[in-house]
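Shared between the two complexes below is chain A, which has chain B as its partner in the first and chain C in the second.
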Partner chain A sequence: MSDRRRLNGPAGTTSPPVFALSKSSTKSSQKRTRKPNELRKIFLQTGVVPSATGSAYLELESPPESKPGLLNTSSTLKLSCSVHGPKPLPRTASFSPNLQLSASVKFAPFATCVRQGYIRDSTERDIGMHLETALKGVVIPDRWPKSAIEIAVTVLEGEDDQVDGDRIGGVGLFNLLAGCINVSMAALADARVDCLDLLAAGVGAVVPGPGKPFRVLDPASIEHDLILASCLVGYLPSRDEIVEIWSNGSVSNLGRDEDIGFDGLVDSAVAAARGSQTVIKEVLIESLTRTEVGAEKLPNDGMNDVDMNT
Partner chain B sequence: MSNRRVKSLAIDEDDYDDFEDYDDDDDEDLSPEDKEQLRQGTIKVREALGSAFPSTDKEIHESLWHYYYDVGKTVTYLKSTASNTEAFIHLLTQSGQHKSPGTPAKTKKEEPTSKLSTSYCPTALPRTYQTDRGGHDGLQATISHKNADGDQEFTSSTIPSIQFSAAEFFKDCPWLRIPENRKAEILIEPLYPRLGLLGGASTGGKMSKLAALAAKRRQKEGERSESTATSSAESQDGYTARLNKLRISVDNRAKPVAGREADTPRKTGVGVRPDSEVTEQLNEQHRSEPSSDVGTVVSSDLSISVEPCIRGRPSPFASIMTSHDADIRLSASPDLLALGEIAKSFDFTEPSPDDVVRGAQNPKAATPAKAKAKEPAKAKSTGLAQGVQQLSVQETPKVKSKNIDVLAEYKKVKRKKAANFVVIGHVDAGKSTLMGRLLFDLKAVDERTMDKYRKEAERIGKGSFAFAWVLDQGTEERERGVTIDIATNKFETDKTNFTILDAPGHRDFVPNMIAGASQADFAVLVIDASTGNFESGLKGQTKEHALLVRSIGVQRIIVAVNKMDAVDWSQGRFEEISQQMSAFLTSAGFQSKNVTFVPCSGLEGGNILEKPSNPKASWYAGPTLVEELDQSEPSTYALDKPLRMTINDVFRGSMQNPLSVSGRIEAGNVQVGEHVVVMPSGERAQIRSLEVDDEPQDWAVAGQNVVINLTDIDPIHLKTGDVLCSGVSPILNVREFKAKVLAFDHITPMNIEVHKGRLHVPGRIGQLIGLLDKSTGTILKKKPKIVQPGSVVRVVVQLDQPVPLEAPSRVILRANGETVAAGLLE
Partner chain C sequence: MPSLASSSPFSPAELAYLHTSLSSVPPLRPDARSLGTDFRPLRAETGVLPAVNGSAHVGFSDGREAIVGVKLEVEKTVERKNTGLKYHVDSAMDIDMDEDERRKQAMGKQEWVTLTLTVPGLRDDDPNLAFLEEMLREPLAVPLSTAPQSDNSYTMSLQDSLVINSRWHWHVYVDVLLISPNGLASYPLPLLSMAAHLALRDTRIPKLKSEGEEDPVADDDWMASTYLYPRKVVTTSPRPPVILLVLVVGENVIFDPSREELAVADGIVAVSIASSTDDDKDCKVLAVRMVDSPARDTMKGIPQSEEPQKGVDVPGVWRPRVGGVKRSVLKAVIKSVVVDGVARDVMSGLDGFLNLEDGADAGANAV
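So, the complex of A and B:
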């Protein structure tokens, strides 16, 4: 009878429930079945957001069997990107002779195993900054003075790094950023923004092999127990330029093998980027032909639609 | 590497030359008859064998030569040869045999049993191309083995490779004494192009299974085999293409150097290596057991090149989200179209179904009105502005008008009389003190407040100002001891509700006094009776104020002769003042019956509410000041005229009423919910609520002091001096007007300031039309250059900005801080 104005907690102590892991979920680490040089299959589609100037959707192939366990870790990636602009700068902004590019990455609350709020966290800001750097290297900004373009990537499903589904980091982050760059490039192309080249990003890594460490392309973090070094590049294939590079781990002390140095690591990432670029190219050509077909069909429909009694 | 290849070619050519010497000899030996026989025999053999038989002219020539042109034997020989060698040469295309010039030429020269030579070739004759083939086959097997982990080009492993045996290979060589030339060949030849082996269908002829398969594959992935073979041999193309395929995928990065490397046969997984290593590498591969070491090397190199087909299928989620199936979309669209054709588009000019029903229900009234209402488009086309205005009026009925008949309501209500009076007079005549005393005596100010004022006033050494502080609320006013702006206060007697407008007496604040006086029904002119002060006042603001209030339209004036205590309530002094003032006021235009004189003392409180207690004032038997005030006749107002109200103040009333204006209604009436127009801005506003004398009311009429809370208007359109008027007949903004004015000073065409209530705008007298007679109004002199003070003149006044003014209103013209004229707008 002490305090009846508030909702008091129980008098005694309670302990939160602890759930034991089931057998299936504890050892759900899938081994890599792909070849070292085989990328995960990429699905890409442009023009998914009608209100945006340009948009694209990218997802990585899901693993064929996904056992529904308590802790369902996935190595897939689902990204949607929309490009708004180029639009005139707000009147309050100072004059700029170049296109002001801004890119942002946002995780959907359900993107990772651990739900998160709508608050922008450091991971998003970090990836957004890298993405912006990469994209600034490919667009030709002086084509649009006094304008701004906004690129917004939404992560619908992100790669989970560990089995316990912690926040994204490490190779998962690299794969995510690579996906972001690829999908943004497709969306930029869909928005008809002038670019130097078709930017593509890829991830390469060095993993400990049976004998000595070897290189793999597009490493998925749950497929490897240990990753010695990883590297992401944003790469312009026809210019042979790197616009963004981010590497992790150390390759210098891997042993006597001179084949895998830092250059080798970057080479593998570049190769992965080349592979991704083939998909982007293919998809863009496909969408172009589709829109052309659509454009041919449109006039007839338009004639029917406009015919209104006024 | 390329130079090495050239070298090897050169060696080959040397070899060919050796054999071709023979050939040349043979050809020379052949007589024309032989040649003719050979030709005819060939034709016959071809007929016998059939066109499909894989044999060349040369073979046939050889056989014919051996069998001395016996067609039958040749045919059987060829057939048997074909069946015998099938195990070996079904891998070899016809072109391959074509490209092996050495063997047939040689067999031709040797014994007829050389029909087995082909089969023995690998062992007995380790000639260039056979060695080459063996090496390649071995290599092929190794590679295919290595790629066996899932490579789609796995088919190459189906090639039945020849089991390579070093013992056989070196059978005719002495141990460790291999001829130099052969050593060289072994070292070099593995790099030699395979020349159309492995089903390369670069030349005509029947395709083997492998060739067909390869061709199909090549066709499929044709665009990716970007080999730029520029060498003379056309089979080089096919070869390089296949080599590229063997390399699991095309390394695009190799493109810059492709011109060199495509010509160069490069081993898969070996890359560019020193020459000495090639043999070792080959030997390793011959053993066809890929050590883990080699495997790692290969795989790490392979890891640079990417699997080509990485385009994935959409997940169910993606396929829904992107509607990837174009078929669905296409099939859907005709349906929509069909639907559109079925559904008849509604013709909006016709009455809606609802209208039809309602029209049927009340056939008389509905249709025309409805049609009008339903056709905003038409209304717009006829009178756009009108239509828009109507819409705006109809669309915002936020505050509902009660549609009160204000005049009828006003007549019903029996009310106390209400009167506004302005207190005027020279500075320090004691106006504020008199009024403070009046309010105090009437209990409008309680004792406690008064005590507080007294204490505070004494503290700053101005004890006599205590009563003035009742009205002078501003700190500056209190410090300086002068009234600056109009102060209003209310009190009531038994008969009347009074509103005091305490005007400033200082000449600097005459505009404020005009503003106050314009709201007054009558005036109380306070005069300082003390010696010298009355005289100075008569020259100063006593005179000016009297003239001003008369010009504004005030007819009744009460002259309160103040500070009688200072002159010991001297009757002589009072009468002196009365005489002088009545003379002046009559000249100013006041009728003598409207002028009354009351002696009083503000500071002592004599003869204000009660008769003076001072025995020296016993001579006075007239009414007290309050009694005199009560005598005031209520003035009549034009209640049925359109609304006019000059805004006295704009302020934020409360949270509910963010925009309020106060003032006195000059004409007409107003009620809650009514739409009014604010001039000169011309903005419309709606009346949200009304307060008359601090009490909420639904309506108000002319003569009342009201606070009006407005909505639907931006505060920037409102300022003091603006006129609130009815929306039906708004007051007009004018830039120029004619006025009949009384000159207080010399008037010439000059810059002036026009005052009307709170409104004051700069302008100038543009023209003096004529001098008028004061009593009759006839024109005495047209277009005078200058007008003397005291005369009446008709002038044209031009204003700098349009202001709301209309005909029967009184204006005051001032220049340089002095009133120069006052008059009536015409």
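So, the complex of A and C:
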């Protein structure tokens, strides 16, 4: 569907300039320096959007070296998430005994190498569905009958996979979704929505190694030339349950080679999810102590609300 | 929110009954199929549309039908923007680049496969539609073998076989039309994927008269065309993927779920499989996705006796599902697909159908 309501620039006819690399900054700087089971550092903060019920901001550590050219595959992620609700369902909606959750993901126009339009494209809708599936598994919907909650994730900077492709894909999309799930969970907790557990998402992958393929956690697309298989899970650690799985890549030798089979892939993604859950937990505890300190200063805050007993 | 969940036509009592019977061992299925791995019969035909490269028409016994047409177009390959780079860098880099380019040249791009889905009664910007389209398209792009690139025999994915030369390639358009009386309520994924599978195997590429780096010119003779996926009796020849919809109820793993069974699922997993191109018999998992279960958004049942206590599960009274699928159960799903041979059965069934149709064609030509 084309966007006819705005004045849009020409679609896909211009290309950003590419400059030749100098000899000093060749590919060697892009190799993975982390251990296979080491995650990238995550920056997470809750309560960044004052007008929303709950909100959070997530950022992944970007590689330390300077960018060699103007057009570079950035390997970083900046996400902002806001939660609106729970609020009553509109009068036109039919009765529902459960909380109606809807989630959406939108790229900012400047989030990737190629400009994103204002209308959601199929990738954004697809990611939004994944996010919605994951979050529906973690909230307890019958605590809020006849109400709705909306979760909106804005991608400020998306991990970009390829230099010349015009769509974000591959493992960059997996990392993006994992970030979306983590930031939404932090925002949901910030909004004090009742959940079963602290949901966390992680990505595991199988990459070709020197001898045989091996598993890595949290693969960044810039660090690997070829990824054989990748898997994302949304995981509830205290229940050992998986609310969302998305894997891609041919997984064979199941049963013979446990380590890089499907089971191994899921286990590595779960390990990554456990890792990011510790971050979410820390951040939530930190924000809780911060708000408690704030509440002591203003003891009457919250008491002056309009009485809702009708 | 017109998700597949919101319009569940079942009462809490019906849901409780269905869930209890499906979670018993062995599962009691509402349509009296004896095993969790039993499939319903289906009708299929290929080559139904005259103006396409390949087509298929598949009908399930519950009245849902899918028509798929595959079209091929010759398209100019967009030049890689960094090709000019070679002139600016020293010779050591040059060799490096050339190797890279050569490797990339044999590889196609995912954008060369376009899949569109039309579901009557669904807006074309519905996220469910985008989700289904992506789910059908995604496994097509996965390379069929994890073996190193040294032997280029069968390691290619669909888009890699579309390269004509360095300047031209084929673009595949797979257009799927669903005809269904109940929309997405009976999740039509297996139907759509089987129809797409058969259509792709029916697809023929016109023979090219041009060679090498020439602009492609196609041969007029349709009989000289070759199949996109070679039809050989050899078990190792590549085949398009098939997506199986698997239901988890309790500890049970149930295949080919009907609408009633979907309504009470603890979890729904879509598994894309392909026959292995290696010498072993096992099929491969290409992609796995989870679909939101409609059982989450349902009305809870009230026990007849009196006020229900909080958190106490009364047997036989429906409670909406919360949470996800246990990790061990999910692994069991994949095991039953790959190791226990459901995937192999499905693939051999589809093979058998195509062989039968080939035989019928040959018979008709002889008469």
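We take it that the second predicted complex is superposed on the first by the 260 of 310 C-alpha atoms of A that agree within 3 Å, B and C clash if a C-alpha of one lies under 4 Å from a C-alpha of the other, contacts with A are read in each partner's own complex, and residues count from 1 in each chain.
In this section, a residue touches a chain if its C-beta (ideal position, glycine included) is under 8 Å from a C-beta of that chain, and two chains touch if they have at least 3 such contacts.
For clarity, every value in this text was computed on a predicted model and none was experimentally measured.
Participant: For A:223, is the partner it touches chain B (first), chain C (second), both, or none of the two (neither)?
Facilitator: Neither partner.
Participant: In the overlay, answer first, second, both or neither for which of chain B and chain C A:241 touches.
Facilitator: It touches chain C, and chain B stays clear.
Participant: Examine A:262 and indicate which partner it touches, taking first as chain B and second as chain C; both and neither are also allowed.
Facilitator: A:262 contacts chain C only, not chain B.
Participant: When the two structures are overlaid on chain A, which partner does A:190 contact: first (chain B), second (chain C), both, or neither?
Facilitator: neither
Participant: Give the label of whichever partner, chain B or chain C, reaches more residues of chain A.
Facilitator: C
Participant: Give one of first, second, both or neither to describe whether A:120 is in contact with chain B, with chain C, with both, or with none.
Facilitator: Once the two structures are laid over each other on A, A:120 reaches chain C alone.
Participant: Going by the contact rule set out at the top, does A:102 touch chain B (first), chain C (second), both, or neither?
Facilitator: Second partner only, chain C.
Participant: A:136 contacts which: chain B (first), chain C (second), both, neither?
Facilitator: A:136 sits against chain C, while chain B stays out of touch.
Participant: Where on chain A do the contacts with chain B and the contacts with chain C coincide?
Facilitator: Common to the two interfaces on chain A: residues 270.
Participant: Spell out the residues on chain B that touch chain A in their complex, using ranges where they run on.
Facilitator: Within the complex, chain B touches chain A at residues 149-150, 248, 252-253, 292-293, 296-297, 299-308, 310-315, 317-318, 321-322, 324, 326, 333, 337, 340, 345, 347.
Participant: In the complex of these two chains, what residues of chain A are touching chain B?
Facilitator: Interface residues on the chain A side: 35-45, 48, 57, 59-62, 76, 78, 80, 204, 209-212, 214-217, 237, 259-260, 264, 267-268, 270-272, 274-276, 278-279, 282-283, 290, 301, 304-305, 308-309.
Participant: Which chain A residues qualify as touching chain C in the complex?
Facilitator: Contact set of chain A toward chain C: 1, 15, 18, 20-21, 23, 26, 94, 96-98, 100, 102, 119-120, 122-123, 125-126, 128-130, 132-133, 136-138, 140-142, 163-167, 169, 196-197, 206, 208, 213, 228-229, 231, 234, 236, 239-255, 262-263, 266, 270.
Participant: Of all residues in chain C, which touch chain A in the complex?
Facilitator: Listed in rising order, the residues of chain C that touch chain A are 1, 6, 78, 80-82, 85, 88-90, 93, 109-111, 124-125, 127-128, 130-131, 133-134, 138, 142-146, 148, 269, 274, 276, 278, 280, 282, 284-292, 296-300, 320, 322-327, 330-331, 334-335, 338-339.
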